[in-house]
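Note that the chains take the letters A, B and C in the order they are written out, and that residue 1 is the start of every chain.
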Amino acid sequence: MVSSYGIGQFHIGRLKKGEDLLRGLTEVVEKKNVRMGVLFAIGALSSCTFAYYDQVKKEYRERFLEKRVEILSLIGNVSLREGKPFIHAHILIGDESGIWGGHLLEGSKVFALEYHIVELVGSPLVRVFDPETGLFLWNF
Amino acid sequence: MVSSYGIGQFHIGRLKKGEDLLRGLTEVVEKKNVRMGVLFAIGALSSCTFAYYDQVKKEYRERFLEKRVEILSLIGNVSLREGKPFIHAHILIGDESGIWGGHLLEGSKVFALEYHIVELVGSPLVRVFDPETGLFLWNF
Amino acid sequence: MVSSYGIGQFHIGRLKKGEDLLRGLTEVVEKKNVRMGVLFAIGALSSCTFAYYDQVKKEYRERFLEKRVEILSLIGNVSLREGKPFIHAHILIGDESGIWGGHLLEGSKVFALEYHIVELVGSPLVRVFDPETGLFLWNF
């Protein structure tokens, strides 16, 4: 299951202190009309909301961390879900006391954030519900 | 020691539940005839096999984790080893109880996996044995 | 706050055993005259220097780890600071005993290192002091 794309523009920028991380990135993608892409980011948060997927119960277990942390890694992609650009990203955060990570959710507050979004040229992948995993996966 | 490439296509897709992560990615690379590239992935595994390199003994210490985890990050590259496309990747995985990571080996079972492979245009780098480190490094 | 770029060349290579990680990457960027870019790396270190940013005191807390570790992830970017190409990168490292990470500083000794630098085409972003965060952020 593979689809091949040409490479369009690279969108680079930052979010402001106090912005919501996932909403902020989604606004960039909407503004630039990226419907298929790959994204990376580093920065720092003053709080973070993420989730682990329970593969047996087929549901996300959410976690909120009220901590000032570095964003050590954020890797994700943009594709279509219900006709709109949708970001799926996994994040790793940490401070002196530990490292945490998971599936990025809304509810993470930016301290500083530098993002790098690769826009891809070609027919966007579309997420549909996959009963086997309980996830919205790309429809090939 | 640097080599410069043009950027070809971006191959994006997913692996299926139950596939072996490293073998599955290698099959994509072979199918698409990527001989030089960079790759990223996120997803989830139902078990993971990875290794740490012992820099003194010059050997990999393998670790198998029978755990349902998120793939928080997977960064790697494709080049040639013994004339064939070879993937070198490092992985970070985690759940509520912790984060682990290392050099990705065969023996990791996919729950869901989204990969992003950048195909590069130019003469592929070739891995040869490097006696100083005991690793197969790019031959410049 | 977003700026869009064309994609130039992809520079791939390795650093040698004993090199300083951040200085070595900076030398590649200078040699190839990359003024705007994105970078990724994996490898191994024999020691690592990194920092956490204290968002309240607005200062970096440095940490030196005398440990042989894998570089599990290194994500960063290149832009201009004081007229020169400047690398901002976050690193994740680990061994059997744990995972650490932070803002990469000089003072990390390479065992083996494979880097991937995407050169971007367009007017480079410039870092200036931002009083609100105490960081040098991109000036939009």
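Quick note on the criterion: a residue touches a chain if its C-beta (ideal position, glycine included) is under 8 Å from a C-beta of that chain, and two chains touch if they have at least 3 such contacts.
Bear in mind that the values here come from a model prediction, so they are computed numbers and not experimental data.
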* Asked: Where the contacts of subunit A and subunit B overlap, which chains show up?
  -> C
* Structure fact -> One copy, subunit A, sits on the other, subunit C, after a C-alpha rotation whose size in degrees, in steps of 5, is 120
* Self-contact between copies subunit B and subunit C, residue sets same or different by half -> different
* **Where subunit B and subunit C are represented by their mean Cα positions, the distance between them in whole Å** => 21
* What positions in subunit A touch 2 or more of the other chains? -> 7, 40, 73, 75, 92, 99, 118
* Residues of subunit C touching subunit A in the complex -> 1-7, 36, 38, 40, 52-56, 61, 63, 73, 75-77, 88-92, 99-103, 118, 120, 125, 132-133, 135, 137-138, 140
* **Parts of subunit B lying in touch with subunit A, wherever the complex brings them together** => 7, 9-17, 28, 31-32, 40-42, 44, 46, 68, 70-75, 92, 94-96, 99, 111-112, 114, 116, 118
